[in-house]
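Look for chain A in each of the two complexes below; its partner is chain B in the first and chain C in the second.
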Partner chain A sequence: MDGSLLFQSLVLGILLGGLYALLAAGLTLYFGIMRVVMIAHSAFLILAAYLAWWFHRETGIDPLLSLFVTVPLFFAVGVLMQRLLVARLRPVTLTMMSVLLTFAIALTIEGLLGFVFSGTQRRIQLGYSGESIEVFGAHVAVVKLITFGLAAASLAALYVIMKYTKFGQSLRATIQHKEAAQLVGIKTDRVAGYGFGLGLATAAIGGTALSLDATIYPSLHWHWIGPLMAIIVVGGLGSIPGAAIAAMVLGIGQSLLQIPMGTTWAQTIFYVALFATLMLRPQGFFGGRLAQRF
Partner chain B sequence: MLNASDRLSVSKAFVAKVVVFAACAAALLTFPSWAANPYILSAGVVVLSYAVLSTSWNFVGGFTGYISLGHAAFFGLGAYGTALLITKLDLSSFVAWFLAGVGVALFAIPVGWAALRVRGASFVIVSIALVLIMLLVFQSWSDFTGGSNGLVVPRPFPDMLRPEHHETFFYLFAALLAVTLLCWWLIDRSRFGMGLKAIREDEDKAEALGIPTYSYKLVVYVVSAFFTALGGGMYALWFGDLDPVFQFSILIGSYMVLMALLGGVRQLYGPLLGALIVGTALEYFKLEFGDTQFHLVATGLLLGIVVLFMPDGIIPAGMKLVDRFTPERSSIREMTAAELLERDQSESSERAGRHASTPSDPEPSTTEKAKR
Partner chain C sequence: MKTTSIMRIGALLGAASLALTACGGSDSGSGDDDGPITIGVSLPLTGDFAEPGKGVQRGYEAWAADVNDAGGLLGRKVELKILDDQSNADRVVADYESLIAQDEVDLVFGPFSTRLVVPSARVADEYGMLFVEPAGAAPEVFEQGFGNLFYAAPAVANDHYNYLAEWIEALPADQRPKTAAYAAMDDPFAMGTAYGLKEKMEAAGIETVVDEKYPPNTTDFSSIAAKIEASNADMIVGGTQYQDAVNLIVALQQLDYQPKLAAFSTAPTNPEFPEAIGDKTEGILSPTGYTEQADVPTNKEFVESYTERNGNPPGEDEANAYTTGQVVAAAVEAVGCAEQGECQQKLIDWLHENEVDTVVGPLSWDADGRPQGAHMIQQWVGGEIKIVLPEDVKEADIIYPKPAW
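The block that comes next holds the complex of A and B.
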């Protein structure tokens, strides 16, 4: 194995890890706010990718511009989903039942995608699809760079929102201690709804980015949900930095392992990491006290 | 007086139960003779196999409340184990079937050991991951498992015609279902089952009361995996052709959950009833809409409705509806400890005769019984 190949994989791994980090951040957000494990996250990811593909096919404009529609749309869907569906579940069994509920949503989305767009594999062909630039001897496709750029920008935006806006403060307060947040006058229900919308908006961005670079089909989301779930457990449920670090480490690991093992077996790294985490540190490597209990 | 009428009503309920049970069992067992054609019969076999699977799932889901979306892993392993033992080791069909079940149960020990260390959401994630791993392994390792080309299972009864074959397997599945139900019923009535249900209600309190929660969960997880694998192996022997995409499908796992939840996870016959409804509907959708993804939408919507509106299932919902039309009963649980104490005191002083403030309570309370 020569150095340039290794370096190439490393760069690709970092780029992939960025996308994983963004999506895992969304998942962590839902979990933090509502103790909800959102199985449908990756289904929405694929839905956004399909919308970008459809937008491109119908209008011929760059699919990235579909973001201006899908992000607000997904935000609204997220708010509605939290207010109308998730909030209705009984608090005692919320975590378990929310898994089933979001699983049901994922199945419905997959079925509808297959129904409307058929099961055919789709791919967007763009002028710059085949182009790549050279970074220190590694060839990196432009679309992968765009994907990473989008993911990094959205993560940064998420960080700024969470850290410096009033809404972000009340969201963090809701995550930390709901009753206390209510006591200081935060409308936690409303904030939770917006937080949910924010999480789903990450799926819109991730899906659009994914559509540039990947062949999409309705059942693709199962290939994403496994790694994403593994990432948030390894990172510790509820910890955004944990999820981001785990996403980077596992993304790079997957990319490097592809050289000796091939793409299919390289995916097992997520599951190996998942089981190793459960054996060694069931609460995850960065998570707090929340994780094991839920 | 009270006791006599009480006993009468109990025996009436018992007779009704026996009659209903006998009628259902008779309807089930004579199904092959009144099924219109072999296709209907094969659909019946599929529904029964679903019933076996979701009853097996209910060992974990019903007793402990741990929802596993990944039982398809045990189903697929049972099926592939049976097939591989027959083809690679030349074992006879049913020996291979049983050995595969035992093998999967052994495999479930380390899996459960890891998975049951976490609760709730993490457990569900691990269970989904298990199916995805198995799918990956069985697809990639194609020189051993046949990969996506599929694996043909030798028929156990090579000289049988197709309708006869369906009929035989209908009875085999029915027998397996009966054993599974019996086992669930036995656990339900045992001290072990009591401990498991305590875990479902409140794991921390159960542990504080001295229940070895971890080993209880592990044992029931292994039992559940064993029966699921037997169901899978039987399916392999019947269907005769395996493909990783279908055996290790998350959908199969979600069907088990949906059926059990729909029927009611706390009821012995809940998963069976759910399997009858969902299984029949699925076969119908596949027949009517064929290759479209419509059955996914239908499954998703149904699961969503069940989770949102009747998470306890049809049987409890139905019983509530029946209760609404029967005279009101109040159980001991609906009274606070203070009320009970007050009643007991007044009863012991008044000898229960003129105490008319709780006429709606026909049963002597347990505290009273204990006093006598």
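The block that comes next holds the complex of A and C.
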């Protein structure tokens, strides 16, 4: 096997893993806070990508600037969604019913995108779309580097929020033990709402990053949700570092496996990892003591 | 107890009245000859093939409008009954079953995409219906032994690149590409186009250095691009639909891979393509079965009436759908009937023996329904897509080697 191809694939895998990590972080957050399986996460991702594309088409300004609108917007939508819809599901059947609810939301978003922007496949054309930087013989595409940078910065911000802010502490307390958190005076309902908003805000960032280097169409989100679900189970449901590590490992794995196995089989790595995790370590490989309780 | 029995009676009454109206509806639909000719179609208006599916719908509707403006078929109006199969092969079967058996349509037109054409053609075959289709070009469509199927386009998928293959074979040995990379979607049509050319290139001694097949849901093409770049093949051939071609081309540009020749099916002729690729389209080749400029009988009228109705000229999907209508109409006019039963076999026999003039040129078929032509080759030249092959209809000279992208 060619050494430079191997190195190139490794670089591509790391860049891909970064994007997966950001997207999976949001998904695992919902589950951690509320035991909600958020099927619509990737639909919001595509929605954000469409908003970035639309913003770029209408104004001609770099799509990254749409983040200043979409991030607060998605945060607000997340809070509202949690307070008005998810919180009204009965706690006993919450996890199961949330699949149904968020599935409906995903379909609604897909339908509206198709209705408003038509099913035509869109791509943002930027001056630097095809540009790349050479690093030790490997080409690193500028757009992929930006995507990776965004993902890394957002994950770092998420980490700081979770670790060092009062809100983050309340959020983690809610994740770890809701009743105990309530006993020490945390308004878990409100915290859960903000946590949901935070998760959706990561979808806004991820979607904008995605729009830089992908052709988008309304039904694209179905291609994303499967791998992301697999990632958060492997990483341990509810664990953000676990999701990030699993995303990186599986992203690099997928990229490297494509060399000997081809695209079709390399895709199965997510599901092979999912089965292996459920058989050997159902609580997930990284962190994730939480999932043991299910 | 009392309320439930009342409700039961109510339900019975409701069901009875529904059944009555249903009967009344089907009576007026099929019985008399003066009513409209109904044509049943199932199309992927939602789901994976929604975009081309809607194109086909526009083509069918344009054809029906043109026919009705000109007084109809056999003096009767035509009426399309279009169902949405959601790009789902099970739905498409159920749709054609109900169109033929329940709605008793007089004629059927085919759906979009090989994956939906094969199951629906089988249904039509069981009922002995003529099945002209606008979009099933892959080899297996014609290997099922359907006697009733006709593909309403110039060439089957494997023959799309025939003119390009001949041109490459005719190049002097020192200019010819020596190695080739192929990337094809795991889809009968897309693979057909790429592997049709691959066979001919291998026979001509051009070595295959990369042969990648990817599933239709692939969206990240950087790894495939890395393999192609590492092989440094002289030519790249993509058996592609749309988003895969665009993503692959951008990924190849990001890796600074510069082939002498780059050919992709479908995508480069799409109006969105230059918006996605920008100013880096120069030299990209693509086979096409239709251009609005084509100087063949009826095309000019079609382009004019279509543009007037829709505000933009028709694309290949619209043209192939329109062609389907023209083919069926030619048979109906010649045979003089349009209904289920014996008439259908007469229509089928007539099409096997005759040539039909259509907006994509004159068409004739072999016993399995393969059209007997080849596709033109188009290339992006100076920011526009132009016909470069074959020589007698070309709008520009072919650019070779391809400039850097």
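In this text, the second predicted complex is superposed on the first by the 287 of 294 C-alpha atoms of A that agree within 3 Å, B and C clash if a C-alpha of one lies under 4 Å from a C-alpha of the other, contacts with A are read in each partner's own complex, and residues count from 1 in each chain.
Going forward, contacts are C-beta pairs under 8 Å (C-beta built on N, C-alpha and C of every residue); 3 or more make two chains touch, one makes a residue touch a chain.
Not measured: the values here are computed from a predicted model.
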item: Clash or fit (per the criteria above) of chain B with chain C on chain A; value: clash
item: First, second, both or neither for A:106, with chain B first and chain C second; value: first
item: Contacts of A:114 with chain B and chain C, given as first, second, both or neither; value: both
item: Which superposed partner A:8 touches (first chain B, second chain C, both, neither); value: second
item: Touching partner for A:266 - first (chain B), second (chain C), both, neither; value: second
item: Residues of chain A touched, compared between chain B and chain C (which is higher); value: B
item: Partner chain(s) touched by A:16 [first = chain B, second = chain C, both, neither]; value: second
item: Partner chain(s) touched by A:214 [first = chain B, second = chain C, both, neither]; value: second
item: Of the stretches 97-105, 223-231 or 259-267 belonging to chain C, the one that collides with chain B; value: 97-105
item: Footprint overlap on chain A, comparing chain B with chain C; value: 114, 119, 222, 264, 267
item: Chain A-facing residues of chain B, complex; value: 65, 67, 69, 114-115, 117-122, 124-126, 128-129, 132-133, 136-137, 139-140, 250-251, 254, 257, 261, 292-304, 307-308, 311
item: List of chain A residues in touch with chain C within their complex; value: 2, 4-5, 8-9, 12, 15-16, 114, 118-123, 125, 129-132, 139, 141, 143-144, 213-215, 217, 219-220, 222-223, 254-255, 258-259, 262-264, 266-267
item: Of chain A, residues touching chain B in the complex; value: 31, 35, 37, 39, 85, 88-90, 93, 95-97, 99-101, 103-115, 119, 218, 222, 225-226, 229-230, 232-233, 237, 264-265, 267-268, 270-271, 274-275, 278-279, 282, 291-294
item: Chain A partner contacts - residues on chain C that touch it in the complex; value: 46-48, 50-51, 54, 186, 212-215, 217-220, 222-224, 226-227, 229-230, 242-243, 246-247, 250-251, 253-256, 272, 275-278, 280, 405
